[in-house]
Amino acid sequence: MTTNQFMFFLFATIIVVFSVLTVTSRRILRAATFLLFVLVSTAGLYFMLKFNFLAAIQLTLYAGGIVVLIIFSILLTSQIAEKLEQPALTKKIFAGLAAVIGASLCIYTILLYNFIPSNLPSIGTNVDTIGQALISTGKYGYALPFEVISILLLSAMIGSIIVAKKRKD
Amino acid sequence: MDNLTLFIIIPLLTIFGILFCRDHKQVKIVSAIGMSLQLINAGILITMFLLQRAAGNTDMMLFVKDVVWYPSLNIHYFVGVDGISVAMIGLTSIVIFAGIFASWEVKDLSKEFFISLIFLSSGVFGFFISLDLFTLFLFYEVAVIPMYLLIGIWGTGPRHYSAMKLTLMLMGGSALILVGLLGLYFHSNPSGGPLTFSIPAISLVHIPPDVQRFFFPFLFVGFGVLGALFPFHTWSPDGHASAPTAVSMLHAGVLMKLGGYGCFRVAVFLLPDAAHQLAWIFIILTTISVIYGAFGAIWQKDLKYINAYSSVSHCGLVLFAILMFNKTAMNGAILQMISHGIMTALFFALIGMIYGRTHTRYINEMGGLMKVMPFLAVCYVIAGLASLGLPGFSGFVAEMTIFVGAFQHNDVFHRVVTVIAVSSIVVTAVYILRVVGMLLLGRIKNDHYLEITDAKWYEKLSTGVLIFSITAIGLAPLWLSELINNGLGPIIDRLLVVAH
Amino acid sequence: MINFSYTVFIVLIPLIFFVLLGFFGNKFKPLVSGIIGTSGLFISFLLSCYTAYQYFFVVPKIAGAFPKLIAYNTVWLRFTDTLHIDLGVLLDPISVMMLIVITTVSFMVHLYSIGYMKGEKGYERFFSFLSLFTFSMLGLVIATNIFQMYIFWELVGVSSYLLIGFYYEKDSAVAASKKAFIVTRFADLGFLIGILILSITTKTFDFISLTDPKGPALQQGSSILFLGLSTMTWSMIFVFMGGAGKSAMFPLHIWLPDAMEGPTPVSALIHAATMVVAGVYLVARMFPIFVISAPAALTVVAYVGAFTSLFAAVIACTQYDIKRVLAYSTMSQIGYMMLALGVSGYGGHEGLGYMASMFHLFTHAFFKALLFLCAGAIIHAVHTNYMTEMGGLRKHLPITHLTFLIACFAIAGIPPFAGFFSKDEILAAAFENNKLLWAVEYAVAGITAFYMFRLYYRIFWGKEQHYSHPPHEAPLVMTIPLMLLAVGAILAGLVPFQNLVTSDSLPFENHIELGIAIPSILIALLGIGIATIFYRKETNLPQKITRTLGSFYTAAYHKFYFDELYLFITKKILFDRVSTPVAWFDRHIVDGMMNGVSYVTNSVSGRIKGFQSGQLQQYAWVFVSGAIALALAFIYLWTL
Amino acid sequence: MFEGVPLTWFLIVATIMFFIGIYGFLVRKNLITILMSLELILNSVNINFVAFNKLLYPQHMEGMFFTVFVIAVAAAEASVAIAIIINIYRRLINIDVERIDEMKY
């Protein structure tokens, strides 16, 4: 077993186990914490694939930003001590059935398909290259999506402020 | 200038003008001016048409204009008129003109009211000039849909129910029409070239009889719903009873004619084989309409219901005559459409005016109105006499043409149904005289009717125009009949070719 | 050739005055509008007289016969190449004769109405309607084709409706006008069907080609059979139905007595002298067809006429409303005319009945109009219609008394008054043709004399009643027409009809046959005698007779319950058993079907709207499993 | 160029994570936990993008950029969602998805 494989299994196990815990835990704050583990392990996978920049984003934005946001909102809206109620059994069974069948279908399809790995050398993923690509307008340039996503973020920001603002009435 | 397109442009310009009006009064004036122009335009059209024919122009359609509108489906803006459409345009412009004056007193949301009304009329005009099935259908929908708003907002009584019922039934009818039109479209070119919606082009194609048999009922019933074909007529009493005056006038006067005209121009003209083979079914249905409507009217107590059932009877006669497939009867059908259009518009106008004064439409609550409003009462009597087919008014001309035409068939079936239809003239007399007797004659039942005033100038204008029209047609019918005959030629030729 | 196109104005002048008075009548003073209307009629009257003079005495005869002249003709509406409605003026002996009758009586009635209607509300309306009626009636008689006749036929119907309902605030008048219109309308339905049948068998509406005995129309039409009778016969029976309705023949007679609700001059003009004989005129107009192609229909005409005359005469004996008595008498006399036509043949002496019928029509117009106008004068004086409230009026109303007496003699058939001559011809024609019918008519002559003199005695003799204010003679404007008509009632019988108006337009020799005439005079005298015994003084004889007759009298008094029968048919059968169920059926079954569709739609949507539960997770589950199912289906199952 | 771990493995892990997210989305009642399930789903997609990029097309960076954008979108989405959740909480004093069914029918 190579290092890569070992690392992969480690991360994969963490991801699967904590994902399950995230969706089943009845204490909401714990669920958020489990989610954090999952996200961090995902970042680990990115590191493993040598996408360092991406992994950094994953850690700061997801693990740092979103999870904190979620935890804040939990604190605002719920009683921490309280356990969530158990979902109904039928609901669980049907949802589980859908998930299991869906997963098996996908996995079956994935296993049937023969992917041909590329032997080409990987392009450098240093910040310099990424920055060039993000503001380039030519082929493989992402200036337009970059601008679009900026506007999206701006509008999301304004939107969430307006939505969450207290009305004076 | 393109005369036919003007018929759509003038209403639209009028609507545009109304948008800039500031108060009720200006709205009325703008509408009146617009529809007067429309009336003048119709007059010019009729004159030009007659001049062209006199000059020896024997084309089937005159003033044709053909502009490609949507090339990939071969939809055109294709307009043109023959004698029949010209006559129908004349009718429409008279009725809408009178309708504007009859709704002179609509005060709430008057801007919206007149916009809807005039928009509706533009649909009707567009329908009558269209020679392309798609634009025809488009204008048909334009004419039908504002009805919902007009009844639902400005109506009386259970207006939401009525508006919904009317619109849904007519929409059901137009769904059938759409199926039929698509059927025609997809069989419009059997040799496999580009398909077309053009009526003249399809009329040259021979569609296989079994295809015709399949699509004919769709088209005939679809248009028949609007033409109050039994048993799809029940929207008519409720709808008319709830509609405001001008809407009833326009609806019974013109919109119901869209049904007859569609049956005639599309169903019978384009599917002649099927028309011949299936006519007997519809002849029976229309005969039932004629008698049944008349008997239905006897019992009613509400003026508008009486008139609605009477419309069922008279419009049944239109469809009846169309299915007789000879020149005389079909001529009668068109005459009847025009005659009934004006007559029933007059009736509804008068009912609206009477209702505005007495605040009831139940004939057993009224009586002796002749004494307090002689003008309106005399007009009502005239309308009634016209409706029961008195010579000197248009109804007589139309009915006699239908009966004589229908009776020329050589088989017993056609003659028997004709005799049954003829007997409706007695029943008509019964309900008309019953109404006249209970409503206008006798003693005044309610003292506060004594304070009622007679017609105002705009009401006199509205009814005057209509009475003038029915009398003019009734006294000198020949020119109108010849005008219609002119347009009937090609249609009859096509039907006769098929018959042999 | 003489130009007759001015005859158009005979018809058009009343129309012009109708429009004038109808639109601007309220601008004039009432009296002025009356005078305008009357003067218009006077012009028409003069023109008709001139026309008659020219037609009968100036126009050269063709092969000894009076020609049929088309003075004016224009196509009004075209159905097919051969079928078209024309408007025109046809002059032949009967139409010219009718022009005279109508304009004379109408002029008299106009004149009379100036006085009679004085002070009534709607004076100008009355005169405009009278003009309308005169126009329609004139248009009817000069029709060149059967459809023109039908047009004016309807128009006289509506003018009659308007005039009967003149007192529109009176419920009984409104009901009567409605009844008159609907009953005649029903009859007109028959007329129209008859016309339609004619249109397919003969392919023409034109009277000249229709009634040409040698014309193609008559020859071919009789050969096609339908239900055992030739189509021509059917057609003529239907046409006669129209005529019977207008002429109040049994069983379509019920409207006429009620029509007396109208003003009395109207009754005189429309319901005695002119409109009600339109049916007779129609049969006379179509006479060649009846005789040659449809003899069976002619027999129907004869029997209906005979029965009506008897039936009406019997009822007339029992009525107390003087106008109703006259109305039944009119029916009875028209029955005579119909019978005469029914027993007539075609050409020469065979056509005696035809001539007699027209003759009687002519004379009857004078004396019956006179009777009604007298009745008007009486009602004017005593303000009641009932003879039980009258008596001893001969001293108060001398002129009316005298003219009424003349009219009574005329109708009873006493020589030398007009009625004698025409009635005698009818009886002669019936005697030659059908003894049974002759016997009936002979009896009716006696009954006629009886009820007329019953009327006369009860009005003018008997005990004087107590009147609220003393009755006085009518003004001169009313009595002049009475006197002029009385002259007519005396002299009209001297017109040589056998030389002027005959079935084939050829004059023929005719004499009064004493064998027929003397018995009929005798029975008339008998009738008068009985009436004198019963009614000249107050006696209790009538009551005794009444009691002896018992239920027959009661039935006759109630007009043999025909009104009740019709009421039953219209009210109970048509209204309650047909119309009400139709309305119910429409509201509940047909409309219910439509509402049912909407109900079904509504309830189905009510059921399935549960799927839109608002439960986000439910939607998501459906979405996911749907996606999985689709993936399964498309990726694996589909390709297999 | 990446050795040792075939693409399939990554995909399988991502799939499992995805359906766990789906399961969570379907059964959890609390809106915030649903949001967390959503984050799981997004993450699994990201893994796919990155894995495809690295193992099949290492000469390009599309997968990575897509992931970056997805993360950005996820951030935006999370912020708006939480704003909405807080708003709902203010009005209804609970954030139970089963009780938020005002807009049914």
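Letters A, B, C and D mark the chains in the order given here, with residues in each chain numbered from 1 onward.
Going forward, a contact is a pair of C-beta atoms (placed from the backbone, for glycine too) under 8 Å apart; a residue touches a chain by one contact, two chains touch by 3 or more.
Owing to the predicted nature of the structure, the values given are computational and were not obtained by experimental measurement.
Engineer: Quick check on this structure: which chain has its C-alpha centroid closest to the centroid of all protein C-alpha atoms?
Structural biologist: Checking distances from each chain centre to the full centroid gives B.
Engineer: Could you tell me which pair, C-D or B-C, is linked by more C-beta pairs in contact?
Structural biologist: B-C
Engineer: Hey, how far is the Cα centre of subunit B from the one of subunit C, in Å?
Structural biologist: 36
Engineer: Which whole number of Å gives the spacing of the CA centres of subunit C and subunit D?
Structural biologist: 96
Engineer: When the centre of a chain is set as the mean of its C-alpha atoms, what distance in Å lies between subunit B and subunit D?
Structural biologist: So the centre of subunit B lies 62 Å away from the centre of subunit D.
Engineer: Just curious, how far off is subunit B from subunit A if you go by their C-alpha centres, in Å?
Structural biologist: Roughly 67 Å, centre to centre.
Engineer: Give me the residue numbers in subunit D that touch at least two other chains, ranges are fine.
Structural biologist: 22, 26-27 - these are the residues of subunit D that touch more than one other chain.
Engineer: Residues touching two or more other chains, restricted to subunit B: which are they?
Structural biologist: Within subunit B, no residue touches at least two other chains.
Engineer: So which stretches of subunit A touch two or more other chains?
Structural biologist: 91, 94-95, 98, 102
Engineer: Following the definition at the start, I'd like every touching pair of chains, please.
Structural biologist: The complete list of chain pairs in contact reads A-C, A-D, B-C, C-D.
Engineer: In their complex, what parts of subunit C are in touch with subunit D?
Structural biologist: 609, 612-617, 620-621, 624
Engineer: List the residues on subunit D that touch subunit A in their complex, please.
Structural biologist: Of all residues in subunit D, those touching subunit A are 1-13, 15-24, 26-30, 32-33, 35-37, 39-40, 43, 46-47, 50-51, 54-62, 64-65, 67-69, 71-80, 82-87, 89-90, 95.
Engineer: Mind listing the subunit B positions that touch subunit C in their complex?
Structural biologist: Against subunit C, subunit B makes touches at 165, 168-169, 230-235, 237-238, 292, 295-296, 298-300, 309, 327-328, 368, 370-371, 385, 388-392, 396-397, 400-401, 403-405, 407-408, 418-419, 422-423, 425-426, 429-430, 433-434, 437, 440-443, 476-478, 481-482.
Engineer: Any idea which subunit A residues touch subunit D in the complex?
Structural biologist: Listed in rising order, the residues are 2-5, 8, 12, 15-16, 19-20, 22-23, 28, 31-32, 35, 38-39, 42, 45-46, 49-51, 53-54, 57-58, 61-62, 65-66, 69-70, 72-74, 76-78, 84-85, 87, 91-92, 94-96, 98-100, 102-103, 106-107, 110-111, 115-123, 125, 129-130, 133-134, 140, 142, 145, 149, 152-153, 156-157, 159-161, 163-164, 166.
Engineer: Quick one: in the complex, what on subunit C touches subunit A?
Structural biologist: 617, 621, 624-625, 627-628, 631-632, 635
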